[in-house]
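Two complexes come next, and they have one chain in common, chain A, joined by chain B in the first and chain C in the second.
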Partner chain A sequence: MLYRIATSYWARYALQIIPVLLIITFVIFFLVYIAGDPVGQRLGDNASPQQIADLREAMGLNRPFHVQYGEYMWNLVRGDFGESYMYGRDAMPIVLDRLPNTFLLGGAAMLISIAMAVPLGVLSATHKNSVLDVVVSGLAVVGKAIPNFWLGIMLILVLSVSLGLFPVSGSGSWAHLVLPAITLSGGVTAELTRVIRSNMLEVLNQDYIRTARSKGLPHQVVLYRHAFRNCLVPCITLLALTTPLVISSAIITESVFAWPGIGQLLVNAVTAADMAIVQAVVFVTALLIIAFNLAADILNKVIDPRIRFE
Partner chain B sequence: MTATADFPQQRIMTEKHPPVLEVEKLQISFRGDDSSTTVVEDVSFTVGRGEVVGIVGESGSGKSVTSYGIMGVLPPNAEVTASKMFFAGAHDLVRLPSKKRRRLQGKEISMVFQEPLTSLNPLMSVGKQIAEPLRYHEKLSRKEAKRRTVEALRSVGIPRAEQTYSSYPHELSGGMRQRIMIAIALVCEPQLLIADEPTTALDVSVEAQILRLMKKLRRTTGTSILLITHDLGVIAEMADRVVVMYAGQVVEEAEVYELFREPRHPYTKALMASTPKIEEVRDELESIPGAVPTPSKMPTGCRFAARCPKAMEICSERPPEVELGSGAKTRCWLYAEQETGS
Partner chain C sequence: MTQQPLMENETSTKAAPGGPAVSGSGGSAAVVRRRLRTLLQSPAATIGALVLLLCVLTALLAPFISPYPPGQQHPQDRLLPPFWLEGGSTEFLLGTDNLGRDILSRIVHGVQVTLLVSGIAVIISAVLGVTLGVISGFYAGGWFDTIIQRLVDANMAIPNILLILVIIGSMGPSTVTLTVVLGVTGWVIFARMVRADVVSLRERDFVRAARSIGTRDPVMMMRHILPNVMPTTIVVATLSFGTNIVIEASLSFLGLGIQPPTVTWGYVLNEGRDYLATAWWIATFPGLAITITVLAIMFLGDWLRDVLDPREKKRS
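Moving on, here comes the complex of A and B:
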């Protein structure tokens, strides 16, 4: 019985992914198509019309839209995202090489956000309208409002240039990770703190919290085991929903700190009109977002037995 | 003479053991933004060992707040004062530091709440919720706590106790959930069980089962029960002694037979008249005109005067608490001159 429900859920989830991927790939293709052709940029300003025409011919850019789209889709199905002209080899392996760096940065930022937002959110809910609550709420607004390229540059100026605590940019050691991770975590920390606070305020008024108190449990147990656990589902949903935001912030953060992840790769590829890389990065990003949403669904189901996969 | 005088029976008991709960001049107020509202005032009663005391009153009478105050689960903006609130003659519940108080909560004093669905944590299996007091108060191992929990599930009449251990609240029926609440409350064998409207949210047939269960458990464990209800039927079924509350005050206290045979306070009489009786055929049920005064507009005199059919001029002054012998008390001007026992 349970097996059947699960399988039908997975089956439907998989079926939902197909149209999503079709739409995403079409949009990627279409944007690249209307972005104009990369030939001019590659050959430079001094290219003769004959050279341009030859390269267009060689790249197949003068064929009709649907033929190009058909070939693109056929290549995608075979896992071929085209050859990067910056690197002179297949685009996808280049992107996958960079992916662990982005995961490292994103993971570190996520950990910082959770480590900050959970105690701050819980404390400002239990000390509602106190000085602490007002300060935390204020910081949350500021944290959400600060653009992270600015935050990144300020951190570099203060902590790296003036105080020399961390390297300015690049990668290679844990110290390199600190500033970009803090920069990337800012917005998520602010949003998560706010969500935890408002959910905790609601949960703390529930009858089952009174029951937990009537059992004489230690304060922290009531707070975390009974109250905070009931806030987890909205928090996880929020984290899943902010994945696209984190990825787009990572593009900026990686550029500011020269962190060699897919964000920096994407910016370089766009500047150089290396469309194979652009397509591969966007495709991987889309898959990541789908995967994180699925993971959030599963995690929520584990936490809340009332959620069913139907 | 407004001080409490024990009636003879009780005095015999108190000489050996102090009563489980002694409350004297309990007052509970809630701090608002700029003012404070008093919802319970001058409430005094005792619960003897093994006794079932019922607190009855309509919504807004302060009976639930009183029980939360005794249990220590009021929200942080509540202020509790009392000249005395002794548990087992030894612990002063008003002045007890919260850490020491937690050692009593769930262990010596425990509580069953009105709405079992919302009173159980939806994300925790019912077995774990029952085992929690055992783990924290009796420091039992996981395995031992589970064994005791399954025992507790059986004692509250839950079939297939082992399987139910890992069920979640939403998977159980209302009656089953209330049995779980009772199991949580009784798993550490407390001296005092506070039951706040334990059957109000349940079907009538389930209500009877739960009352029967509570009676049985009281017989086997000897737990004293403070039963909060608006239902005189439940009082008649369960209580040894009854405290009638109105607008945050105790208006009458008597043994259960005496109360039903001879209600003194006009409010108690009105309450009884508005309860349907099986031997009477009536088109319309009697009701008490008007409503309970709100805490902010509390009259200085008798709080029931505005709805009382026997209201007199003197009722605008604060009524005395009159001792009527045999432990019965009432707060009414009608009995002021009958005062006995000094």
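Moving on, here comes the complex of A and C:
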């Protein structure tokens, strides 16, 4: 049953994402094309015009637009994003090597967000206008406004430099994961808390909650089994929608903490004008975001059978 | 879909001062006074407006109110703490950095670039996004709309900061690049929100009436549609102003945005990163400035949304 839903939906979804992928790859290609090639950047300010011309010729940058685009697409279909000049080997495997680290960081951040936002959101809804609610709402607003690189630096300042609880940066142990994960979770926690609170407020007024209470069910059971379940769909949708936000934040968080994921790789590649890596990272990111959205759609369908795929 | 009442004429005239007159109104001073009164009724919005006003004044008056030029070094007074700490001096209220530059002066000058870059970028995004949104909503379902919608979809899958990094990767970082790129990549949210407005607007009676007397499409869009999407545009512009400030600061922090010697909050923060153990104030105060400014913009944006767009009242 579930399998059938997934496959037929898959088929249609796949057809929908093809134009999106085509546009994305075209936009990336076009941006690099019109932005001017990275040759000048790579050779530095002292390069002679002859050197620049030679490198352009060698990189095939003098050919017409459609020829370059055709070759780019053909390579792309074969998973070839070109050679990274920083590393001297294919860009894609380098990106894929770094991906598990980003998943680890992003996953940890998501878990922290959920672990914080669910109780805080539910409690501030059940204790509406209490001190707790005001404090939580205030924190959620501030959490949205704090730029996450600064949050990261403040965490380093207090927890690493002053208290010596966690390492300042790097990777290799669980302790290294704590601060970057908290930093990355900040924005999502704030948003998720707000959504859970407002959805719980709505659900708690429903008739079936009153029924559940009136038949004498314990408070916690009503809260989490009857009310919170009905908040799951918007929460999962929100989590999927925040994937781009998490990835954007991860780029900066990884750089702050020298965490060896694709975000730090991207920043280094941009600094060095290594466009092969840059393009591979952007492509992988776009695929991830599309995949997360699809996963959220399917998960929502499983949780709430009333949702139909059109 | 329930029909919404027409936008008040006052709102439209107020919102689009440069646009075509929607109503010949007397007493625009009265309108301004009334708006000001609703602003004062919301403490958060009042604080937001005051903070932003302070930012703008600081930016304009920076050369006169800043204690020192932002790059002036005081080799005798390196890494001084803020004045309230031991060893601090009232000559350098927020302390100095490793070269003896006054942190307060650097923050005061930093606000100029931040506001200018984010502001110009918002204008670029708004012009692009509103134009595309109005046309695509007006011809909803047509080929132009289809293209715009696919571009909007594609944009959902690439965070703007990635696009910006792609361009900075090939062009190299500079203030002009950053401003233009921020502006050009920011059109999507404007186009999406404005299109949604236009799709419902074009079925309204006044648009039908205009069409029935043979008004040409471009005139209809300029005179009847555009003034009515201004409230949405102003709300979106406020929010993306805040987003731009954060993106600019993040990129400058990474060394990929505005390049020294131009002073920005993000870059000062970056310089402070190496001195966390010895001089926490270098990284702390610029970040505080960013957070407070963004908070102020968020407060003002929430209030504007409530005032300008009655459909979007907050639920809680």
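The rule we apply is simple: the second predicted complex is superposed on the first by the 302 of 310 C-alpha atoms of A that agree within 3 Å, B and C clash if a C-alpha of one lies under 4 Å from a C-alpha of the other, contacts with A are read in each partner's own complex, and residues count from 1 in each chain.
By definition in this document, a contact is a pair of C-beta atoms (placed from the backbone, for glycine too) under 8 Å apart; a residue touches a chain by one contact, two chains touch by 3 or more.
Model, not experiment: these values are computed from the prediction.
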item: Clash or fit, chain B versus chain C on superposed chain A; value: fit
item: Partner chain(s) touched by A:83 [first = chain B, second = chain C, both, neither]; value: neither
item: Touched partner set for A:304, first chain B, second chain C, both or neither; value: first
item: Chain C, chain A and chain B - angle at the middle CA centre, rounded to the nearest 10 degrees; value: 90
item: Partner chain(s) touched by A:54 [first = chain B, second = chain C, both, neither]; value: neither
item: More chain A residues in contact [chain B versus chain C]; value: C
item: Partner chain in contact with A:156 - chain B first, chain C second, else both or neither; value: second
item: Distance of closest approach, chain C and chain B, by C-alpha atoms in Å; value: 16
item: Set intersection of chain A contacts, chain C complex versus chain B complex; value: none
item: Contacting residues of chain A [partner chain B, same complex]; value: 206-208, 210-218, 221, 225-226, 229-230, 303-306
item: Complex interface listing, chain A residues touching chain C; value: 19-20, 23-24, 27-28, 31-32, 35-38, 40-41, 141-142, 144-147, 149-150, 153-154, 156-157, 161, 168, 197-198, 201-202, 244-245, 247-248, 251-252, 255-256, 266-267, 269-271, 273-275, 278-279, 281-282, 285-286, 289-290
item: Complex contact set, residues of chain B against chain A; value: 68, 71-73, 101-107, 110-111, 113, 115, 118-124, 132-133, 136-137, 168, 170, 181, 184
item: Residues of chain C defined as touching chain A within the complex; value: 150-151, 153-154, 156-163, 165-172, 242, 246, 249-250, 253-256, 269, 272-273, 276-277, 280, 283-284, 287, 290-291, 294-295, 298, 315-316
